[in-house]
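The next part holds the structures, each set out as structure tokens.
What follows is chain A paired twice: with chain B in the first complex and chain C in the second.
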Partner chain A sequence: MIGFILRRLLIIIPMALLVVSLTWGLIRLAPGNFYSDERSLPPAIEENIKRKYGLDKPVYQQYLIMLGNVVRGDFGDSLKYQGQSVNEIIFRHLPYSATVGVLAYLLALFFGLTAGIIAALRQNSAFDYGSMATAMLGLSVPNFVLGPILVIVFSLWLFWLPPARWGGISNLILPVITLSAIYAAYIARLTRAGMLEVMRSDYIRTARAKGLDEKTVLLKHGLRGGIVPVVSFTGPALANLLAGTVVVEKVFAIPGLGNIFIQSVLNRDEPLTLGIVAFLSILIMIFNLVVDISYGFLDPRIRYE
Partner chain B sequence: MSVGSASQRLVVCTFCGATSMVDLSGAEPKLRLDESGVLDRSSGELVAGASLWKDAWKRLLKNKLAVFGMIVLGVMVVAVIIGPPIIRLTTGFTPDYIPSDIDGGARVQSFPPSVQHPMGTDDKGRDLLARVLQGGRISLMVGIISTIVSLLVGVSWGAIAGYIGGRVDNLMMRIVDIIYAIPYILIVIVLLSVFGGPNTPDFIDALSSFFGGAGNQGLSQIFLLFLALGLVSWLTMARVVRGQILSLKNQEFVLAAKATGVSTPAIIFRHLVPNALGPVIVYATLTVPSVMLTEAFLSFLGLGVQAPYASWGSLAADGIKNIQIFPWQLIFPGVTMALTLFSLNFLGDGLRDALDPQTRKF
Partner chain C sequence: MFLIRSGKLHPVYALVVLSSLLAGCGGVASEGFYGKTAAPGDNVLRYITGSEPESLDPAVPTGQPEARLLMSLYDGLTEYDPRTMQPIPGIAESWEVGQENTEYVFKLRKNAKFSNGDPIKAQDFVYSFRRALDPELAAKNAYLAHYIKYAEEYNSMRSFVRDKSGRFLLESDLNGDKQEAAPGTQPQADANLSEFRKFIDGPMRLTVPSDEKSRNAALEKNPKLKSLVEGAELVPVKAEDLGVEAVDDYTFRIKLKQPAPFLLGLLPHQFFRVVHRGTIEKHGKDWTKPENIVTSGPFKLKEHHPYDRVVVEKDPNYWDAEMVRLDGIAFYPLEEQTTMLNLYKTGEVDAIYNHTVPAAWVDSVSKFKDEYMNHPEVAIEYYTVNVTKPPMNDVRVRKAFALAVDRDAMAAFRKTTQPLIDFTPEGLFPEYEQIRSEVYARELKKIGSSLDEWKARKFDPEKARKLLAEAGFPVTQNGSGWSCPNFPVDQVEILYNTNDNNKSIAEFIQAQFKQNLGITLQLKNQEWKTFLNTRKQLEYSGLGRAGWIGDYMDPMSFLKLFYGPNNDSSTGWTKPAYDKLIDDANREPDPKKRFEKMAEAEFMVMQEQPVLPWQTQKTNFLRKPYVKGLYPNPGTLHAWKFVYIEQDPAKWDRDVETIFNVKDEWVTGHINRLIATQASLVEREEGYKTAGKFGY
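Let's look at the complex of A and B:
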């Protein structure tokens, strides 16, 4: 078990470096660069810029220098936000995205699990059909449509909640609901399918046969197996939510990491893009590891090699 | 599928009809074929294989939500195809007709829904119904073409990795893992900027000149977007197909094909892939809405479809800017898109239930 965790933790480093290298390659493949505008620069100035950022060196040297910096965890300064280091920018904007993301995921877990379990237990009931149709609606309405509609209703008509910006708890409600809708829908469907699968299995029949009451059968035996698909979905989903979801940040004017990332790609802000990609890929891999470990606790039949 | 005694089994590839009698007892193989090389089907039982699709179709028709989805999609496809010409003939509006151009641009205004403009107009005075229908063409094409691209790449990739196995499999699937870890938006932006403008591949230019006239840069950009979205959405498809192939490749009909000297590519693409088609179709139906959402998201960020072209995503993105004053500009494209995605998801779910009888047991 400990060997498994250590091995997986060690693999994260080369995998992250590979992802960063490929990202670097992709950025370099795209034509254009961060300093060029519509006006072309005088050659002398361009030369100076190139020398300053090491762009006059051969490509393989630039790559090795970049890789060396990344290994040391130093992504350098952002090219667009002068004088601010990439790490500073990431950790300044992360709390906003993380707050909204974690709250949205908790809300989605609560509604998704509840709806999914009840729908599975009362299969083909009105509740089953109703909640699954609602979940489908949640999957089909783009969040950039849902967000503005919520703003119109709750901010502009009813004046209950502020429409945008960062502030108190009241500012969080609408973005969290908007963000959680699609995840709640997904979790509800995964839970229902998982529970239906598990409740037919032999070990549930055994649990019933040995005289356990229905509540114990459901919560202690059924749920543990039934939420395995939800747990595997949680890893990447949570990592993406922590790093911010661009649309919600744009609609509600939240200074999160998602928009910073998109802007960095559009600005060809290489260090910032690489920093966020590295951060995100490590986050995803760690969450996936945690998910893999938790399988063992959920389903005793799963063993680690 | 196999029938026959324990030592001698008749194996049938359900889809291509390749049949052979494989003797598992080690005796000389006996192939009971007629002159044309096709198994004599008078034995009856074998016909059951062909009814898989009929059965699935029957089950699908019983699913009311899936039927609802099919009807809505059918209406939507017909509407986006014949809608714009009908509007042009009856009212004279086209998706890019700007009335204010003629008045000298003095009174630019967005009109609410009326008899003349059933969905109102956008803030340049363009008929929104015509634009929503025109946008539907692009949105649906994004869904279909990108899904075909993802099918071609994903199915081949997954099938080859799954069938060959070993190191090749390991390498191919690690490549999939790594591409997974790179944010897809980065890949799309790079593809769009590397192959945009003067670097557009010839076949894309050919496509856009076929659909809209030569040198149409805006249209080329849209086709490029189709391709880019397809190239980032094949990863899950590859995994799904690989899993299917892994469970199929040790079955008797593959053994039979090998024994009769069928080449590896033919085994993969004529025998294995058709048998994995059920999950592939289901997953493809669910890829269409997800690609359409991604396109809408990119258009929302200003990276996707650009004016004068429109997609549901770009129309909704334009509508959001004026949401307080002209709510119909968001509501109509948004609702049309949600309805389509809703139908596609229901159809996908219905297909899964119909093609995979396992899930119907409960």
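Let's look at the complex of A and C:
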């Protein structure tokens, strides 16, 4: 078990470097650069900029310098936002994304699991059909549609909630609901399917035959097996939620990491893009590891070699 | 696996579609305002400013969002008049212009202070200018200052050349034209002049690149230069060689290498605003952090939360603090148009930056007459013509194309523009336009035409067809339409950079040519960088999309595009007579005569039609009626010290279409007090009075 975890942790380093290298190559292939804009620069000024940022060096040297920085965990300064280091930017904006993300995650878990379990237990009932239809709707309506609809109803018609920006709890309500909807829907459907399968399996019949009450059967035996698919879905999902989602951050003007990530690509802000990519890839690999470890606790049949 | 999952790739389009569907649903408040309208009680303006500022260092950023924000934090020698964007006194109380528009001497006010209480002196401006031009700072805006003597040379890391006898070589040594001295060059007779003054007012020294590789390349190209430089000593141009000088603590002098009568209008640009030396030297790149920053403007930095807000508060140390009415401004960096309009409608913000109402919304939003700003801007849209290739090398063909597009219909289609037939934007330079129509009338009479005929160029398909026929491409009636079988459509195309908006405009123009001339041109689009290169190298055939925004409030900012044999017009058009007119205009001290020369130049270029002007852009933003002093000026750059929040609804702005005809006693009084120290500006204001502008 410990050997397994160590091995997986060690793989993260070369994987992250590979991801960063590929991203670096893609950025370099993309047309344009961070200092170009509508007005063409006089050549001498362009020279000044190239000299200042080391772009006058041979490409392989630039790559090695970049790689060296990444290994030391120092991505340098943003090219667009002068005087701000990449690490500073990531850790300044992560909390905004994480707050919205974790709240949306909890909300999605609560509604998804509850609806999924009840629907599974009362298969083919009105609740089952109703909740699964709602979940289908939640899956089909993308958040860039749901968000504006919520804003129109609750901000522009009723004037109950602010339509955007960071602030108090009232500012959080709409983005959290918008973000959680699709995850809640997924979780509900996965839970229902998982529970239906598990509740028909032999070990549940055995548990019932032992004379256990239905509550114990359901929560101790049924749920543990039933939520395995949910766990494998929500692990990486949580990583994404933590790191921010572009659409919700844009619609609700949240100063989160997702929006900054996209902006950094559009700005060709190489160090910032690389920093966020490295951070995200490590985050996702760690969450995947956590998910893999948790399988062992949920399903006794799974062993780690 | 990563952030962009399928279905999220086109959120922007989806938002626009959705919001345009729902735009009509918005209710009109009973008072006829757009959404919740109540003046904020705390006297802090909440303004959506566009993208997150690159930096709070005025020398660094190039964007408009930063320009507006930095105008609150820093003060310059001159400031923009909030109504016209013409220069008015800032820290410079008054000035004198001399030596054929190459010398500017500013008298600074003695009570100007930084936010930490330090006095602002001429030496601070010397430092700010030198620092902004430092090649190590690598400021993109540095080109704005290249008119200053040796600024370009210092910024581009060039070196003076000193020969064996210890004499610095001059540009005239290379060019050999010793007869005509450079403009503004003073004879060196006055023995009392300082060494610096002798050097800076003397003839322009020769410079070569300091970098060996570029220098050798330059020398290879020019054998005469090579023979001059060989064996000579190279002396790098230093910051101290710049044409800026603190004559005394409160006298600042700028010496230019070429006449630039528009310099005063350029100086309010953030690039030229004054920064605090001690803070920059102490904190290095961290000097703009909220805990370190020292500023010079009407407001000082209170908080900076990137991507969320930049809050500034009134600075009691500011020299004009008693006239600053806002207690603070909260700038919200936000670019999502739907989101900002939602915030506006729910009353969470008081004003939004320019070009923010999506085209699909304009019809419904522009009904709010007290809030929607729709005024001409110092920006134009046009097509360039590659005049080096047939059939576009024939001026008659170029004119035919210019006449064949219905510009009124185009404006109705574009929604946020107005028709343009000349090259300088219309409605922004009234004094110039006045003189221009006189010059045009005179010039047109010479060629047997009239001003009315000239104005009909807005759309004249009849004449267009006639011109084409004269050029050898007869247009014949073909059922209900026209056809022009001889025209080589394979040699002319419309090139634009890839963008939905550009495409729809190109299609509109394509349809107009087809409808009115019977010529169907091919459209071709290229990615931005590639497009720029194609256009500049004249590798396109026919027409190319173009737009131009003035750097400063002067027609010269547009006319300079055609100046010189390697000009920036991307048309291949050049004419020594034109360059001569521009040179003469630049040296001309009398503004009226200067405008005459410029009008002659504009007439010359429009006669030859290397460009097809289409539209002048118009502002497109919302501002609550209680926000006063925030005018839709031609660059939408707002001098914040004139902005205030009016609590009394009876005094709110009504029908902003007429905002420039209504007198705001407070703003006008404030401006009149500031310009009292500069006679030329008082004269300008008198001109507004005579013309009955600004509610006089």
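Everything that follows uses one rule, which is that the second predicted complex is superposed on the first by the 305 of 305 C-alpha atoms of A that agree within 3 Å, B and C clash if a C-alpha of one lies under 4 Å from a C-alpha of the other, contacts with A are read in each partner's own complex, and residues count from 1 in each chain.
In this text, contacts are C-beta pairs under 8 Å (C-beta built on N, C-alpha and C of every residue); 3 or more make two chains touch, one makes a residue touch a chain.
Everything quoted here is computed from the prediction, not taken from an experiment.
Peer 1: As a test of reading the superposition: which chain, chain B or chain C, is in touch with more residues of chain A?
Peer 2: Answer, by number of touched residues of chain A: C.
Peer 1: Based on the superposed arrangement, let me know which partner A:R200 touches: chain B (first), chain C (second), both, or neither?
Peer 2: First partner only.
Peer 1: If you stack the two complexes on chain A, which partner ends up touching A:R51: first (chain B), second (chain C), both, or neither?
Peer 2: In the superposition, A:R51 touches chain C alone.
Peer 1: Should A:A164 be classified as contacting the first partner (chain B), the second (chain C), both, or neither?
Peer 2: The second partner, chain C, only.
Peer 1: Per the contact definition in the header, classify A:L280: touching chain B only (first), chain C only (second), both, or neither.
Peer 2: Both partners, chain B and chain C.
Peer 1: Between chain B and chain C, whom does A:L156 touch in the aligned arrangement: first, second, both, or neither?
Peer 2: both
Peer 1: Look at A:L137 in the shared chain and tell me whether it touches chain B only, chain C only, both, or neither; answer first, second, both or neither.
Peer 2: First partner only, chain B.
Peer 1: Which partner chains sit in contact with A:G83 here, chain B, chain C, both or neither? Use first/second/both/neither.
Peer 2: The answer is second: A:G83 touches chain C but not chain B.
Peer 1: By the touch definition at the top of the document, which applies to A:Q123: first (chain B), second (chain C), both, or neither?
Peer 2: first
Peer 1: For A:F252, is the partner it touches chain B (first), chain C (second), both, or none of the two (neither)?
Peer 2: After superposition on chain A, A:F252 lies in contact with chain C alone.
Peer 1: Could you give the residue numbers on chain A that contact chain B in one complex and chain C in the other?
Peer 2: In chain A, residues 31-32, 142, 144-145, 148, 151-152, 156, 246-247, 250-251, 261-262, 277, 280, 284 are touched by chain B and also by chain C.
Peer 1: Spell out the part of chain A that touches chain C in their complex, as residue ranges.
Peer 2: 31-32, 35-37, 39-42, 44-45, 47-49, 51-52, 77, 80-84, 89, 92-93, 142-145, 148, 151-152, 155-157, 159, 162-166, 236, 240, 243-247, 250-253, 255, 258-263, 277, 280, 284
Peer 1: How about chain C: which of its residues touch chain A in the complex?
Peer 2: 1-4, 7-8, 11, 14-15, 18-19, 22, 25-27, 35-36, 52, 54-55, 57, 60, 62-63, 135-136, 138-140, 142-143, 146, 152, 155-157, 285-289, 305-308, 332, 334, 336, 338-339, 342-343, 345-346, 348, 527-530, 532, 536
Peer 1: Of all residues in chain A, which touch chain B in the complex?
Peer 2: Contact set of chain A toward chain B: 15, 18-19, 22-23, 26-27, 29-32, 123, 133, 136-137, 139-142, 144-145, 148-149, 151-152, 156, 193, 196-197, 199-200, 246-247, 250-251, 261-262, 265-266, 273, 277, 280-281, 284-285.
Peer 1: So in the complex, which bits of chain B are touching chain A?
Peer 2: Chain B reaches chain A through residues 65, 177-178, 181-183, 185-187, 189-190, 193-194, 199, 289, 293, 296-297, 300-301, 313, 316-317, 320, 323-324, 327, 330, 334, 337-339, 341-342, 345-346, 349, 359, 361-362.
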